[in-house]
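What follows is a structure written as structure tokens; I'll ask about it next.
The letters A, B, C and D name the chains in turn, as written, and every chain counts its residues from 1.
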Amino acid sequence: MSQIKVGIVGGTGYTGVELLRLLALHPNVALHAITSRAEAGIPVSQMFPSLRGHVDLAFSHPDEAHLDQCDLVFFATPNGIAMQQTRALLDAGVKVIDLAADFRIKDVAEWEKWYGMVHACPDLVAEAVYGLPEVNREQIRSARLVANPGCYPTAVQLGFFPLIEAGVVDASSLIADAKSGVSGAGRKAEVGILFSEASDNFKAYGVPGHRHLPEIRQGLARANGSDVGLTFVPHLTPMIRGIHATLYARLKSEADLQALYQQRYADELFVDVLPAGSHPETRSVRGANGCRIAVHRPQGGDVVVVLSVIDNLVKGAAGQAVQNMNLMFGLPEATALNVVPLLP
Amino acid sequence: MSQIKVGIVGGTGYTGVELLRLLALHPNVALHAITSRAEAGIPVSQMFPSLRGHVDLAFSHPDEAHLDQCDLVFFATPNGIAMQQTRALLDAGVKVIDLAADFRIKDVAEWEKWYGMVHACPDLVAEAVYGLPEVNREQIRSARLVANPGCYPTAVQLGFFPLIEAGVVDASSLIADAKSGVSGAGRKAEVGILFSEASDNFKAYGVPGHRHLPEIRQGLARANGSDVGLTFVPHLTPMIRGIHATLYARLKSEADLQALYQQRYADELFVDVLPAGSHPETRSVRGANGCRIAVHRPQGGDVVVVLSVIDNLVKGAAGQAVQNMNLMFGLPEATALNVVPLLP
Amino acid sequence: MSQIKVGIVGGTGYTGVELLRLLALHPNVALHAITSRAEAGIPVSQMFPSLRGHVDLAFSHPDEAHLDQCDLVFFATPNGIAMQQTRALLDAGVKVIDLAADFRIKDVAEWEKWYGMVHACPDLVAEAVYGLPEVNREQIRSARLVANPGCYPTAVQLGFFPLIEAGVVDASSLIADAKSGVSGAGRKAEVGILFSEASDNFKAYGVPGHRHLPEIRQGLARANGSDVGLTFVPHLTPMIRGIHATLYARLKSEADLQALYQQRYADELFVDVLPAGSHPETRSVRGANGCRIAVHRPQGGDVVVVLSVIDNLVKGAAGQAVQNMNLMFGLPEATALNVVPLLP
Amino acid sequence: MSQIKVGIVGGTGYTGVELLRLLALHPNVALHAITSRAEAGIPVSQMFPSLRGHVDLAFSHPDEAHLDQCDLVFFATPNGIAMQQTRALLDAGVKVIDLAADFRIKDVAEWEKWYGMVHACPDLVAEAVYGLPEVNREQIRSARLVANPGCYPTAVQLGFFPLIEAGVVDASSLIADAKSGVSGAGRKAEVGILFSEASDNFKAYGVPGHRHLPEIRQGLARANGSDVGLTFVPHLTPMIRGIHATLYARLKSEADLQALYQQRYADELFVDVLPAGSHPETRSVRGANGCRIAVHRPQGGDVVVVLSVIDNLVKGAAGQAVQNMNLMFGLPEATALNVVPLLP
């Protein structure tokens, strides 16, 4: 087949450079343009020397990028940008994957409350497919517009799905205690994520409410068939990449939990259920698109503890976006994603 | 008053060097001996250059340390050592603070199950006072033998006490999701805690059962007046010092949580209840004996989330031991502990 | 004696909070005001929770801080601020210690070249005493205005002095390869010092020329009696605190290097010459005002290698400033600086 | 062509797992056996979960691994092992790449002095080809036995070669100040490389003499045509991967240094000369086989400063070994090495 002509809007953040890392070696992709208003004209590899020899493009000014000539455009932008530009691209026949949150929440009023903006195109929210292949694979294949999931929502939903779909836990009192590496906060000049602030330090944040809460609740409610009760506490941990979600639920009926998880994900390329008794490490997926999960029932009690790890920039962002692209263009789902994690 | 003659058994680990850091500047302490079979004859400051100019002692062989001439002996040893030597010291009129677990669990059978040893002196377990001043201050003052609490148990108990003592939460379904810096694993030559293994990585461990679980349960049961149900999941986070406990409980009656916490700890020198809405950072207590706590009720629901941080080597070990010593010898409780945390 | 009334201009950076950490426990200091235009009214301990319970002040607006009522004002500001305000303070009888670079370089034209500004008060540059007590102790005692040395210059000069003062090395071809923790770059919202940029990474910077080069050259030239040739390469290393300077010089006459160093610093409280063959670690001075030095002559050749470590925020900034203050006010030099380094 | 049957002796260290990471995706390699006496029978992916789904082998006992059936055996073992087993393999027609030091130093007496052993097969030392393709490409193609270079020697030699080959610097007074990530010390249970020891810390080590010194001297002498004078100081820096070598030399004749470097490496796939004025970061080669170099002449003086970075486990070990394998088997040199570095 011919190459997929790909554009990236907002290539100066961590999801942008990560997309470039993966797409640079994708055999079916031709990078058409990477836009950045502030960096227009600067070679991408000057900002990210890791890309020297792999990406020859310079950043383009959005007005000169001719994104409407692409087959697919990724938005690796702050929230609120993709919703301004998506309709024109779709109208031009371009498919869109938004790595930000603009199309993730079906309840537009809820979205507007958490994101503090008026939504520019509620009808496209309705059309958009939530890009978690482990639940929406078929819809993604035929989607024009994919809302790529958030990093926490990916780790938490994949961890909870088998329990909730099987109906074996009390869905009214779920707890997700999640820990993220600092790259999850983006490549922004902010004091709180300086090395000297975030290193050798650990803290929770957003306990009163975090934007990923409604996204997770929506996904779990769909799996559950009705609303769920969820407490979600994110934490910042001094590492670059990785999310570790520790999930708690109360069993309401007996189940072979290990078998439940293995069966649920038996055909999934990117979800790996570890042997009983395991403790997955975030580094075991560093740089790769996998999610590794272990399920525990401490002391045989009625509390299930699920441990779910991903690389927030890969399965939690750019890798999942490439996985979605592969599906949308009829490619083998793992194309360019068959990477061995970097350990140590 | 005259100086307290202090001995330390096992001064080559992190709790040992931390004790030395604090005791070196204690105005009422004279260091008598620090024992180490393997390092006998080596100046302490050769192993720990940070102590150069502050500690002149060399490690002594245990047989030549004349610990029976001390007023107080700290055991900074692996589990199972203090119980072998404590009776002789007590008989010689020496007070003892054990920083390991030998005297923490009143139920000797339970202790033997979790620690995999036969206890050498169950009667001394009965006598020992659990050295958490915030619950046992008066008994500590008159104790001959103090069981210094574990690091996780300190952070978790201080975080849960106000809720449990006030009876406002369901004590049958408590969850403690705790994260520790790597120094909590000790100064042992083990692959799992190498820099290249533990850095840029996050994992849970001991989910099926961790030795601090029975210790925490015992303390919470005492506060509750009856047994509690607790799920405890410890994690290893890539920082040197610090514990962050994230605690979850279900409210069963209304309460002004902020007031509850402030009142409970109003007179405590080393427990600091943060303003409502706060997220304590582990570095805010780095090197100091404080515990900082914040209490949340996300979205006004019925789940209480408590965030509790300590420095595992200070309030979680050596600092609390010095606090206990101060109490046992009638000194102002904060002597040598009035330290400003090191930030950044 | 009565308390020294102290003001701090610019207390929101790392040297500011470090000054507060040290001064909070200084028995002879009363904190009068800490100014910050942007944070006026905010309690200092809200920005730096480590100071809760130790510092009660709020940031003041500079116009309302009445700094002219102080006995001493520290400038913990960006370069170019102190020179605007120092004359008025001196005229009001206030002593001044500038932790920035405004008064460090005697050659005003050289200063203006490296710092890119016109100097506001060259006459005060002439009056200012360079605050390195190990060379200028007596002048500091009687100074009104002290230029506190830079972090790299402190580590490098203390490392080179014995060789140069003794005239045993070729002063025309000195090399200083220095490595700094990230806090040396300050508490500024800049992408390059984000955790995700600086962690798990190592790089040189400023190889064509760094502002500390002329300062080091000036100090070494003074010790040498004539100009020196120096190549200075700073590096950023993924740790919060600490500078490690590795110094290279060519021997031109025989010398007992170990004895040379020990004699030079025999009476210095804060310079510790390690035994022959040692490799000082930055953590061995973490949080403390010491400089530890080792001198090597690999394979008995004619190259001397000196290893010199400090905590950049203490002996490299705030600690040295307090040491200077103690000298200026006739206090014992180590007052409030008798701290045991934090290890691990 | 048919697959290359590959064996790995000693697959439990960091160079072992890194070889597996690279070989798992090599299109021309069939992994035959990975030996480990201690771990025989354990699946490799149990020890290194990052390899789950990529490597199915279990560790074999050396006696049962039938390495003589391989086309190529890599030794990822401690020093002194390969020299015991290589002759038998060569005799059986198996090619050998030793990632340890057994065959690196041509002067056997020198080797024995630095490594403290009697060499088992000096004749094979004579035969062995030093596996630095940038100088020995043709000999490697036809070699039976390749001595894979050390990590420091790779970074330092590639940095110095252009200067020395062109004869523009004084080769009698070279200085190499090198900084390594902690994985360079291996996956060994040693206190000094624990997270709590090595994190937030920086130190030099081996200043009196490091085993890589003779290896570097040998390589530079060969380039120079006669002996060189070299001072080599290695340092441990708190990151997992990466070496940064800062090299100093004195110019003895004028040269266009930038052009010199660009020409020397114009045809090299894995050496990237950065634009003038650059400061390469170790993370810019993380996980990849590249070496990035910048050359400086500070203030136009006569000192050249070269900055050279590699990933110590890739270009400094396993990647270079695969590069050598590709050459030995007539494959495109970059096979399985076309990896985009992981940043951030």
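Here is the rule we use: a contact is a pair of C-beta atoms (placed from the backbone, for glycine too) under 8 Å apart; a residue touches a chain by one contact, two chains touch by 3 or more.
It should be emphasised that the depicted structure is a prediction, and the values quoted were computed from it without experimental measurement.
Q: Report which interface contains more C-beta contacts, comparing B-C against A-C.
A: Pair with the higher count of C-beta contacts: B-C.
Q: Since chain A and chain B are copies that touch, is their contact same (over half of the numbers shared) or different (under half)?
A: same
Q: Could you state the distance in Å from the CA-based centre of chain A to that of chain B?
A: 39
Q: Determine the centre-to-centre distance between chain B and chain C, using the mean Cα coordinates as centres, and give it in whole Å.
A: Distance between chain centres, rounded to whole Å: 36 Å.
Q: Round to the nearest whole Å and give the separation of the Cα centres of chain A and chain C.
A: 45
Q: Give the residues of chain D that touch two or more other chains, as numbers and ranges in rising order.
A: Touching at least two other chains: 14, 181, 183, 187, 196-197, 199-200, 238-241, 280-281, 283, 286, 344.
Q: Where on chain B does chain D make contact in their complex?
A: 14, 181-183, 185, 187-191, 193-200, 238-240
Q: Spell out the residues on chain B that touch chain C in their complex, using ranges where they run on.
A: Residues 14, 17, 20-21, 24-25, 48-54, 183, 187, 199-200, 240-241, 272, 274, 280-281, 283-288, 290, 292, 313, 338-344.
Q: Report the residues of chain B in contact with chain A in the complex, numbered from low to high.
A: 173, 175, 177, 179, 181, 196-197, 199-205, 207-209, 229, 231-233, 235, 237-242, 244, 246, 248, 250, 277, 279-283, 286, 296, 298-299, 301, 303, 305, 307, 309, 344
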